[in-house]
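Letters A, B, C and D mark the chains as written, and numbering starts fresh at 1 in each.
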């Protein structure tokens, strides 16, 4: 039984409305193709989890797919706001969004606890901030040696984590290179793991200490070249910083956002067609 | 010496505060510009760490995001993000955490979460990111921020990142192990905490700057040090280095990306 | 100020009697040369820390250098007993040895906590075992979310950690390849870090996701080719499994052990002379 | 069929209990031989994990230590040791933990710490290693151990690794999430826990084995299943594969290492 599916099949078979979903990737290897496919298939009531929502969640939130968001930094990196995220939080459009807000260190601890199947993560964190006042999930324990209070966060165990990676072999072993963020922790914390990849190869090169997700922790692999665009895949293509800057104009208003999403995501059959639709636009 | 903008002066002043060999946790934007300017001028062996996990990185252009590919390619090594926050930051190994913010108060506490009430914000800002723990654990933090009465406020809408909390030693009574905001660089001058109350106090002005202009830009009654320092204007080398860096950066970021298929 | 010292200088300057010392390396990259130098310089009252004491601590314990041992598995891997460790525990020879005993999972959590400067490490561990009954450092906290009791171990923060690695550059950046055990955690948990290396190079190759200890966490580097023998350095030489088997005979009795240590360690000036003395023996 | 030793039969019986694709946390010694025999015969896609951090390893000879170089070279990947215990073992991702021990009691609890009192031991054994958490978290554990009244004891000198504790559901009332010792392979036959009391019960004999011989080798009054199974003797292929593996291993381990200087 092969783990190799089309992205359409992988999302259809493994993602359901109402689930907790983590599409991870810290700036690098963000699974945009998978995000678009979730929108095309009309998933709803999702609890989205990501350290940095980025454009990928701005799109899902703006299209009304999300009920809740667990996150730690929700901007357009180096550019400014995520206007669709802001519109949902500030105005409840297209629907209200429940926030579970953390710091990066807290999210990292929560994913690490999830991957370790511990009920909570521990950090010396949140000292003097107002975050515990707005997120009742941030609590504390007393150190049994020093008596000191330390912050705790509940483990994050997504129903499904979706990653993008450079390559997989036919068995489903997945290899990542470059900035790996909290991807491995998010992957190992999940009940199911879907990975889109730039390449499927017969055999991965010897890994030694490189970052590998062994095939038996992977639920499905989909071959989606360019699947991280406009984020990037180290060794394959660079981050489209100019697109991130253009997003500021596209997403600022509801109608320009909807028009862009309809033309480039809803009206395209898959990621190859999405990428082609962007080239047309430039021509 | 050429003419220069207040932004350039602010970035150059910030870069001067960094020393060669210093281990610096870098925020994106002005902090990143200042840190890389330092590396390209007087501090070639500065160790720059971005929260994306890139340690000892030496980018040729400023990254737009905290995780641009060049940060990884030029790094001494790239570690998973949880390790950056546990083994490097929480462990107390960072000399300087370099932060920006939307609001700062007189005790150096920072807001990057919301303007207005949290539940019904006027403006939802990006949020905390790494800042709360950078503020708690770096041996000292530097803040760089343009001064306006809307950013230098008597009372934060939300405390994202601890500075000196209520001042008068309150921070020292917490379990935060870092030293807090020792330096706030603005476009109207430089502020440092007073040793007793930890209230931010104007300690230095730029060429042509005045106490009045500084007071007008700060949203609380600004304390002024007795012996105000004068900050030297940019040298030609500093300006040329910064401008070349910015020009390379603009060219790189506007370049369209061509997918290999 | 160069971090490059001779091993003799590094031990003389940075290791003192009575300190807590961790010579880590899980089967691979065990810093034997450093262990021998500690014996030559007559260090005493050490609190030795290692997951697997291995021959390196059998030697230090048998030579009377250690007051206490924190560990989780004290055998000769694949062969049997560490007779010098047993003699110290069973008979108090050459002096009694205080034991702080853990499981591997507990030691790993303790080093991880140490590297993170948390006062304790957390694990779902020690369930139903007699270890907490003999090690009062094993305690518990209650999960603030589930009410479940979870095991805790106090952080390990050695005064000095000593590692062996394949290579360093002249700045003191250190690179490790292969089985890395808990070396990075032990290194980052320590107040001082000494590393012996097979090679010193002008510049390390691009590391990306490889295991690197940056120069500013390293206290001293000593160039000691063969410094892990009879353990091994991946890419340089293999583990001398035959020597590990011979150790069973050498260390079984006090007099054969002392004679071997005197001839090969105390009578040799440094690691090169130690290695040469073994070749002579074979001739 | 050739003649074979009880050790060979025991190793082969252990290997047969493993299935293709099973994820197995391997202890050194007999467990390692059984796991690799399975991989080289009926279970080519078994995933072998050694606590040194080597995942999916395929050594050509048996490692002497848990961290021989060949384990790393032939692994799908090598991860730091803390991750093996948190992300792979504690997370419940291991199907079978394969353990040895010095002593076992009737509820499958194991001792590998001391013979005699802990503070003044008659024999100090190596200790716990990974065993306590393997015993707690693997979905099931298999134990392989030669049967003698000194190893199969009514009462352990020290409980290193939890089996079914006092039996009668006691384990299920702890926070241990794995299933416990489902299979104990000895040289006199195979024991499994009874469904009600979890007491280890003789359920299978080897060719030529008898209940009397088994009873004589077990240090408590051994319960015997009503329908005793008969374990098939080694096939020629199994024996040949095991012997070739052992021969390669002996040759490799006795080879002197030459340092490259």
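Simple rule for what comes next: contacts are C-beta pairs under 8 Å (C-beta built on N, C-alpha and C of every residue); 3 or more make two chains touch, one makes a residue touch a chain.
Keep in mind that what you see is a predicted model, and the values were worked out from it rather than measured.
Novice: Could you tell me which pair, A-B or A-D, is linked by more C-beta pairs in contact?
Specialist: A-B
Novice: Give, as an integer number of Å, the spacing between the C-alpha centres of subunit C and subunit A.
Specialist: Inter-chain centre distance comes to 40 Å.
Novice: Could you tell me the distance, in whole angstrom, between the mean C-alpha positions of subunit B and subunit D?
Specialist: 56
Novice: Please report how many Å separate the Cα centroid of subunit A from that of subunit B, as a whole number.
Specialist: 28
Novice: Check each residue of subunit D and list the ones that touch at least two other chains.
Specialist: 72, 78, 86, 90, 177
Novice: Which positions in subunit C touch two or more other chains at once?
Specialist: Residue numbers touching two or more other chains: 112, 117-118, 123-124, 148, 150, 178, 180, 184-185, 208-211.
Novice: Examine which chains touch each other and state the graph shape they make (line, ring, star, complete, other).
Specialist: Chain contacts: none of line, ring, star or complete; other.
Novice: What chain-chain pairs meet the touch criterion?
Specialist: In this structure, the chains touch in these pairs: A-B, A-C, A-D, B-C, C-D.
Novice: Show which residues of subunit D lie in contact with subunit A when the two form their complex.
Specialist: Where subunit D meets subunit A, its residues are 21, 23, 47, 55-56, 72-73, 75-79, 86-87, 90-93, 177.
Novice: How about subunit B: which of its residues touch subunit A in the complex?
Specialist: So the residues of subunit B in touch with subunit A come to 28-29, 51-54, 63-69, 71-72, 78, 80-82, 85-86, 89-90, 109, 113, 118-119, 121-133, 136-137, 158-162, 165, 171, 174-177, 252-261.
Novice: If you look only at subunit A, which of its residues touch subunit C in the complex?
Specialist: 117-120, 122-124, 139-146, 148, 150, 152, 154, 176-178, 180, 208-211
Novice: Give every residue of subunit A touching subunit D within the complex, in rising order.
Specialist: Result: residues 112, 115-118, 173, 184-185, 188, 204, 206-212, 214, 216-217 of subunit A touch subunit D.
Novice: Please give the residue numbers of subunit C that touch subunit D in the complex, ascending.
Specialist: Subunit C residues touching subunit D: 26-28, 51-52, 71-75, 77-79, 81-82, 85-86, 89-90, 101-105, 108-109, 111-112, 123-131, 134, 148-150, 178-182, 184-185, 211, 225-226, 229-230, 232, 234, 236-245, 275, 282.
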